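Let me begin by presenting the structure, written as structure tokens, before commenting on it.
By written order: A, B, C and D. Residues from 1 in each chain.
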């Protein structure tokens, strides 16, 4: 075991920190498009976009540890982590590098690396939420085209994306085997986007309807029926979840500050023994999240199959979000009923807990795949 | 020994529910929540005529002369429907006048409050955010015969709609006072605040040289500290009563969703991971009902245990509504996170209801003290 | 609504209290056989045994409210509630009165009322725990006898009981319809009793093996195939669960005393705000248990079908047992690892939580029967 | 960056597990628990020879010179097997001598402790039941060259078996002192107490005029307060390590039961009401492992965060083992309540493990303070 970083890794961390010192203002609005544009450009110029990709593909060829350090430092400063095209850089790029034709690579990669494209991904459908394999958006072959009909839901950023990276069904007899991956420009005729406001009234999700959308067969990524393989991906991406753990660290720091500021029973809340124990309990579990992420990272570094770490941290994170929110609202007292940063978080964390598989799905994964209990 | 509502009480419940089902379904609630006033003046007038607003006001002053058992029924139904209106605020104002006003004051204000032609509220909370008589800091100065108020009250419910404001403050050597002031008086100004739950409006109240004439002071019987605790207690019980209905509404929506929504070729309500949390919520709501109904009976019958029973009811209610909101959203999965599905309305209401007139942290501590700890 | 008792009811309560003043020592060991014998005799002489039964059957003909008051006062003093033959008085007697032949009544009732019999009941089997209808102990007709073969488990007091009141399968094609109730002396040839020590090492349960046990058909209670009806019973027994609620009240009082006595961080634990809130939260739920019991009582008084109150209180009680135990052990600190009254309770409460249907069974009952969710 | 055990460490784990599987399965644990000594002298001798007892003792004094990373592995396995022995006590005694003794003291005691020919323990706790250096009240009086002790220590682990006792006390103006006394010394008497978990023995120690010769005092380096906190910290980490294995053992038993036991024509592990609590337990154990392994690394590498990491590990461990015990019993249903099934052994162990060297109430408060709150 070794929790120290090498001198080279420490030097790399210092390089990231100087970049952040130079380019990330101490105060910024992560939703301001001007700021995002500027930030994106700075990221691209410094070579942080596609930093994880192989050098042959125009990327940074970073090691897993460098990626870990980069993500940790960025989330420590609450920076928008990978520019504005998160989906493109994290999922689409690596899949293109692995499975794309030369034409596809030439078409999409430079734009991605320049921070100029914006991708959305189409997996979920109204009838296929936690149970993705039951998706039913059809792509039927017609000459050199597929004709796509169906509907996607919970499509993040579809209302601003240039392309969609999506799964369609090319064969109906097999649940997983009949699924294929296609790349479609969002301005294709027959695509209609309907935003889904979230409970705070903001748009981050969309429904996307496909009516006889023609897609050249050349826009298929990977072979027909191998959509799952394409999506699962194989690039050496750092997947320890370090950003999530670091985010929670910022969350607990803010909560501690709140506990110092507000009063309970005439004294600062932080003097209440239960408040102290609760804060310590949150910090403990957040420290453990980071460490569990490091176990995942180690597995990756040693070329071992990922184990249960992701499900564990997702389940733990869900638990923490719910408990930390109830606790924060308790500290706020009557203030909880008005609008504010904490209150906004109190509504929006639900999206995080549900996203990427509900807690019940994580519990099933652990119970069935790891503990070997019977399937539902 | 009889722990059941009477036929008349069940009749009242059916009447209220019928009207609200018809006139205030969730589509209407959304409309009202988006309106500037936040409630329907027309519907308000109608329930005033039906006598709901004056349910507990003595008959001599235009009210129904009924008790809190009946009021709990009304509030359970308004809570279930997320009915947007200044009902609880007006109620607390009327209760303060009924309980601590003299005959002239009752004559002057209660008949209007009973039919809803005037709206009331309570201005209690200050910067310290503590629902306790000791926390009152606002101080009046003497000016000739009367008192003059300069200062602030926060989170005053329905203040934009209110005509009459029951204000709690101190004077002279710090004695507590309760007065009814008109919201139109010189020096009164209101700053509305943005609510999480747009069906519950409130704002901050600034008083700049506001005169409190002697006949505005509620001075009848007992110590002002006790009177204030009594009013806060009524607020807590009213909120707990609404919570019963709100939690039941959230549960009903979620149960229906669990029956309709299919995943893995089954309604999700088939899975114990869904059905068991719903069963827990049901258990908690039924347990809460026992506490709330008993507190109402204790209040109506002058039972010694009323303060403890109320704190127990509101403490547990605050916990139940918080969990019911979260469970409802989480079991709805992704749609629970949308503006379109109604469950989010209940989650937002839980943000209002948990702290109002004291959360579980406040009321369990109070219950511990009242229970001799 | 009315939570007051009538003057007659108050007078009755006073009568119960004087009985307790006169016959229940302030200190006693509820497991001491001499004490139990004496207590039993006192109960019998005062007419409290079979107090709920109709006068025609030799009982006290008590009203539901009188039964409620009797139980509440007894459990308030921690008295062994109904003498030593709890099963006989609560379940067997009422079933005999409702379904027994004249011979059966003459044979068993006087002994029961005198406090001289001791019954056990045989429902659970190794393969039929939460799922009672799958019981398989067979009774085959042979002339005027049934021949019983099979095995019962979790049979409380079988090692001291004189008779067993048990369910057997007389027909195998129907799950519920093939079940019949029989009464068997425990000294019948072919019965073998094997005690099951509980986790504290004490015997309260047994396995009972039946090998070719001959039972005269005349010992059948009710008709063949109507075992369920017989067991469910119909006598106007008070079933609000008031004893359980009152027991929990004693439990919280003891816990409050403990919190006053032990120290936490150099001060009496009762001054820690979390301890205070926890104690208040327990008291709140216990108060609610009693009130929910009264709602059940009211339904009984008004001749309405019992609703969900029993499942609610069972579920709530399970939650309370677990939380109150963890809290008590926390107050005890290192003391928790040695033997003592609290520690004994900490092991034995598990039997209570599981007994009469696990929490998961209660959740299913509520979810399926009340909320109408699909069956497992 | 490497958060994995080395091949050598995995080899150690396999060796330990193999031996304990063979020699100390649950039937043997039950036998030993019923024996007067509570552990097997023969097996103790054997693991002494194998070098397990002296794992962290420097090679110069007959030990293995390894670190806590290895020790955690050993303790996880002894925890998993509910292995009854004075291992942790002997370990703490040896750590105190290694860390704070002089060379002569090390020469005198460590080689015996390393092979198990002498057994050690720590006598720390007193009436106040507080796992903190300030809580020490036992006071020595001076008598000529030496010190004399009169008083009591409580819950001294494995005291009946111990030859050497590390005693913590005060002298003169209240400075803390640590000394090693022989259990056979004049004036030492032991009152064994009845444990809930018969695999963990302890008793109260009475000292009546017990002489502490100058060469029994451990005086090396740093303040005694810090040294005592260090020893308590090691106790907490050792217990947390055992808890990892114990919780895994309880989970494994319960998972197996859930696969085997059928109800309603299904293995009960099919129902989410059973499988989800098991998944939660698994998540908690894996989370705990992260905390424990890091604390061991921090300890071995002199990392500043070791005190915080240890308190976090033990606090969370106390919570995990309590829940794992209760979940295990409850999911076993009625058989969980019998002496026959093994799950009760784990429940009983949880009663020992939660408070030992500080429970979650103690360690979260400590973590809060260390974290700057």
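Assume a contact is a pair of C-beta atoms (placed from the backbone, for glycine too) under 8 Å apart; a residue touches a chain by one contact, two chains touch by 3 or more.
These numbers were taken from a predicted model, which means no experiment stands behind them.
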Winner on C-beta contact pairs when A-D is weighed against A-B: A-D
Reference subunit B; chain at largest CA-centroid distance: D
Rounded Å distance between subunit B and subunit C, as computed from the means of their C-alpha atoms: 42
Shared interface positions of subunit A, touching two or more other chains: 265, 273, 277, 360, 363-364, 376
Residue list for subunit B, restricted to those that touch at least two other chains: 271-274, 276, 361, 365
Complex contacts: residues of subunit C adjacent to subunit B: 1-5, 9, 65, 68, 256, 259, 270, 273, 276-277, 279-281, 283-285, 287-289, 291-292, 294-295, 297-299, 301-302, 308-309, 311-312, 315-316, 360, 362-364, 366-368, 370-376
Contacting residues of subunit A [partner subunit B, same complex]: 124, 127, 129-131, 153-154, 196-201, 205, 262-266, 322, 326, 329-330, 332-339, 343, 346-347, 350-351, 353-354, 358-360, 363-364, 376
Subunit C residues within the subunit A interface of the complex: 265, 272-274, 277
Residue numbers on subunit D that touch subunit A, as the complex places them: 1-6, 69, 251, 255, 258-259, 266-267, 269-270, 272, 274-276, 278-280, 282-283, 286-288, 290-291, 293-294, 296-298, 301, 303, 309, 312, 315-316, 360-361, 364-365, 367-368, 371, 373
Residues of subunit B touching subunit A in the complex: 125, 128-130, 154-155, 193-197, 200, 202, 262-264, 271, 273-274, 322, 326, 329-330, 333-334, 336-340, 344, 347-348, 351-352, 354-356, 359, 361, 365
